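Two complexes, one shared chain (subunit A), two partners (subunit B, subunit C).
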Partner chain A sequence: MAAAEITDSLEADAFKKLYPDQFYARFIADGIRPDGRPLGRARTASIGLGAVSTADSSALVKFGNSTALAGIKLEIMVPKDDTPNQGQLSIAVEMAPMCSPDMRPGRPSDAAQVLVEQLNNALLASAKAVNLDDLCIDPGKAAWVAYLDIYVLDSDGSLADVTLLAAVAALATLRLPHVAVTDGGNVVPSSEAAEAAAPDEMAVEPTKLQLRSVPLALTCGLYKDQLIVGLTAEEEALVATSVTTIVDDQGRLIGQLKAGGRAEMDIARLQDCIEAAKLRYAELAGILQQAITQYDGSG
Partner chain B sequence: MQPTAGPGPSSEALAKRSDRTELQLRVLTCERSLLHRADGSAKWSQGQTSVLAAIYGPRLTFAKKEHPETCVVEVLVRPKTRLPGPTERQTESLIRQCVEGVVLTAMHPRTAILVVIQVVQNDGCVMACALNAVAAALVDAGIPMHQNFVSVTSALMPGASVVIDPDLAEEQAAEALVCSACTTCRSWPEASAAQKGPAVLAVYTRGAMPVEDYLTLVELNRQGCERVAQFSVMAAEKSLVGKSR
Partner chain C sequence: MEFVSPEGLRLDGRRPKELRKLRIKLGSLDGTDGSAFVQLGNTKVLAAVFGPRGAPTGARSSAISCVIAVSAISVQGDRRSKERLGRQATEFSRALTNAMEQLVPADILKNACIDVHVQVLQADGGLFAACANAALLALANAGVPLRDICAACHTGLLESTALVDLSAQESMQQAPQAAILYECRTQSIAIMQTDNKMSTTALEELLELATEGCIALVTAMRQALISSTVQQLSTSAPHASAAQRRD
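Let's turn to the complex of A and B:
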């Protein structure tokens, strides 16, 4: 191979640029990855809750360099006629041009739309994490619509995992204010309504939105027959195929997506991915719980 | 007639199979070369579900899109009604990666293959049907491939029963759906010695399910794929022999 002969005279950076595959293969042969992780370890996660003070709830999530910011804004709508006692969760993903050299400003990229569909599938269609009935204020008259906007700030792989954790963290800390519907059909904060009725009653605390299931994802890749857990953007370009597995707190499989690629996976490999996702779940759930406790404690 | 099942008491009754058993596929039909201006086309039907796929290329593309070493695959999915949205983008992304996996992309550098998919009728399993239509259209277009794929969907119904190739009513009543694609022959360039059992090229799921049920559905799909592969080979042979005469 030409690459092997000229390596010695090349700087490591140049070698990486010119022969990314050979560069990576040398690391994998030694059972380590260029960023120092072993093959089976995903990147460290960090969650910052309440990152946006103007949003009703928000979360900034980082997996290594991959960063997603999720924010939820609540608005009141009239429920749809066919679902009079349901609110709405509307998910949007924005991949800012700064997040990756491939992104261009302008209309939403296909990658962002695929992420929207994956989040919709995970949160609503499959896990039913948010019961839309919980967003109802007064059947047929008023309901909450939660606009969940996710901004990918740094796209360094495993975006499905990062955006899902950001979405879950924002939803888990969402509080629904107490409101009342007046006779005229206007929605007012219930403290005002209560004050009008009985002025000495205390204003009620906003209620937390209850998540029915907490789905979290892990993306694994297959490189020269080795399972690589928690992919970076560089690795995503090199692996033969990648699989995103979503499990929830009840141990159910919420989703597994393997979108083709240059290699197949047998059932044992798919099972390995599920096991890896369960291990990662325990890790992430701990971090999420800690972040929520800390956030609730700080007010 | 299109079944009009939706959420409600009627959907469960509609979801009972009368014309076939739980593990029976619907009647498959495949027509090739329907479109004159496309380089290859095929219409694949599974019962009432029908999808038309057209292949254009390999041909020149915009300098912005082309790749110096490989052929770029672009996929457009058109639903039967309404404008394409995120759901179609996801289907496009899955089909694109499947096609990139089987086509010898290095043979046609700096070109693009355009795959256009039109859903003609939706009676469940649209993604599987689209994948099958694309596979047939790729053969019709004569694109060099080292593999071909077939796809099957199966569903986990309430009460933990499983059905293969669900129609729309069953799909709506189902607790979970698993659509998977398998290749039709065993040799693979990145041949993995460690790979023991039969393998899948693509998996897409919808709905929550226990892991064991998921693995059952994947295995069921794999067996279904073998049947579909037999049909797809037979259909290809028939149409190609017909052409040469």
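Let's turn to the complex of A and C:
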């Protein structure tokens, strides 16, 4: 009896390895996916804020197995001459060698570069989530440069979605310390400067960086003319094409990327993707809000 | 600055021979053959193992490779301090690779290779000891046989008191420090690294304390490995045991 069951599960594993497409098709025909989700449901998300205390703010985000760790470190720079009122947000993505068996340490992979481009587009160019003027300390003299580093620790699909949520969560909990620029051009914590001027004044709480909008993403795929929402790495290899849709808190479309693939999509299908992204947005925004409230409450 | 109070307590409230709180989580990365998360006080590292697997074509200096990656967000201070720590990590990665080559039996590495990746998530004191412990636990979690059970521990001599498992604040001092990777069965030292000058008696004292620390760590690591294996067995074969009961 036990032996029969073991052979069954062995055969299922072998079948999956040898004929991944047929294996998947059998599930999809029944309207369910190998991990038990219906076609239209993305994986459960979890957010851990302040995971790394050496960073100025940080967030660990998981969608199923897909894991991204985002952290921000603040440094001070002299603003560029043509933008004296602006700080800088520098985004980097690193695929940790442990995130998949094929990853080799060394040169940043193309996949990481693509993710950086998508994040730049979502956070700065299109959604303008971060207003660089907010990072200014003293026009022409000093400004913050925020180094946002995202590490993909486990790569199991929908990386654009995971990294964007991690980036947004880290930015939303970033606090800018109060600093003052001395006559000599040095930047000191304003408590010291204030103490020198008026010793009785209390040190002020650091200000929260205000996000001008909150963009979040959802990746959908097309498999045998069915829309599959929230792809795993296995599914990404099987679908004919995939589309990443980014929407913001007011339901506006920030960006949509269909990077080629073996199938075309008509406009109605793309609309379906946008609708799915809006539904997912409500879910993720709730989880994010809850995480932030909890984090602020704990100090 | 006073590192040991008259009551015999260190700055973080520990006694001289007390380790920081150790947390071990095994097998949390599904896509790997073995993984381990180790938290020692505020030091957090994640290690993953791929292999033993077929050796890729092309030159490879050794069958086993261990790489420690330090991320910018994990380091206290600016980008320059990350680069400094990164260079030290490369040095220690090399030593750890050499030690692992001796620990893994040669027949396992015939026509195969093992890749060990360690990602530093948060750097505090005793960073490389934590990296070594995580890497060894990940190897064991991947089912790679090891000749001996080992652990690494970092010690220092501050104000003529030998302290085990230094915190970041303590290890920043220009005081004699020694870190070892200790093989418990053969009772021998696989890696030793010292910082700052010291007398031979100081070295002897530090090594003795580090050995004690390693033995304590090995006990905890062995416990974690046993309980994770027990858990794995009980979750992976529920239907098999149910079938046996029916018989």
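Observations
We adopt the following convention: the second predicted complex is superposed on the first by the 289 of 299 C-alpha atoms of A that agree within 3 Å, B and C clash if a C-alpha of one lies under 4 Å from a C-alpha of the other, contacts with A are read in each partner's own complex, and residues count from 1 in each chain.
Everything below uses one rule, namely that a contact is a pair of C-beta atoms (placed from the backbone, for glycine too) under 8 Å apart; a residue touches a chain by one contact, two chains touch by 3 or more.
All values reported here derive from a predicted model rather than from experimental measurement.
Aligning the shared subunit A places subunit B and subunit C next to each other free of steric conflict.
Judged by the touch definition given at the top, the superposed model places A:I292 against neither subunit B nor subunit C. Vertex at subunit A: the C-alpha centres of subunit B and subunit C lie 120° apart in angle, rounded to steps of 10. Once the two complexes are overlaid on the shared chain, A:C99 sits against subunit C while remaining clear of subunit B. Once chain A of one complex is fitted onto chain A of the other, the partner contacts of A:L153 are limited to subunit C, with no touch recorded for subunit B. With both structures placed on the common chain, the touch criterion links A:D225 to subunit B but leaves subunit C unconnected. Among subunit B and subunit C, the chain that touches a larger number of residues in subunit A is B. When the two structures are aligned on the shared chain, A:D110 is found in touch with subunit B, with no touch to subunit C. Once both complexes are placed on a shared chain A, the shortest Cα to Cα gap between subunit B and subunit C comes to 8 Å. Note for the complex: subunit C touches subunit A at residues 29-32, 35, 42, 44, 46-48, 50, 53, 67, 69, 71-76, 78-79, 115, 117, 119, 121-124, 239-240, 243-244, 246-247. Remark: subunit A residues 110, 113-114, 116-118, 120-121, 125-128, 213, 224-225, 240-241, 243, 248, 251-271, 274 touch subunit B in the complex. Per the touch definition, subunit A reaches subunit C in the complex via residues 1-2, 5-6, 51-55, 58, 65, 69, 71-73, 75, 94, 96-101, 105, 147, 149, 151, 153-156, 233.
Here subunit B touches subunit A in the complex through residues 85-87, 89-90, 92-101, 176, 181-183, 188-190, 192-211, 214-215, 218-219, going by the rule given at the top.
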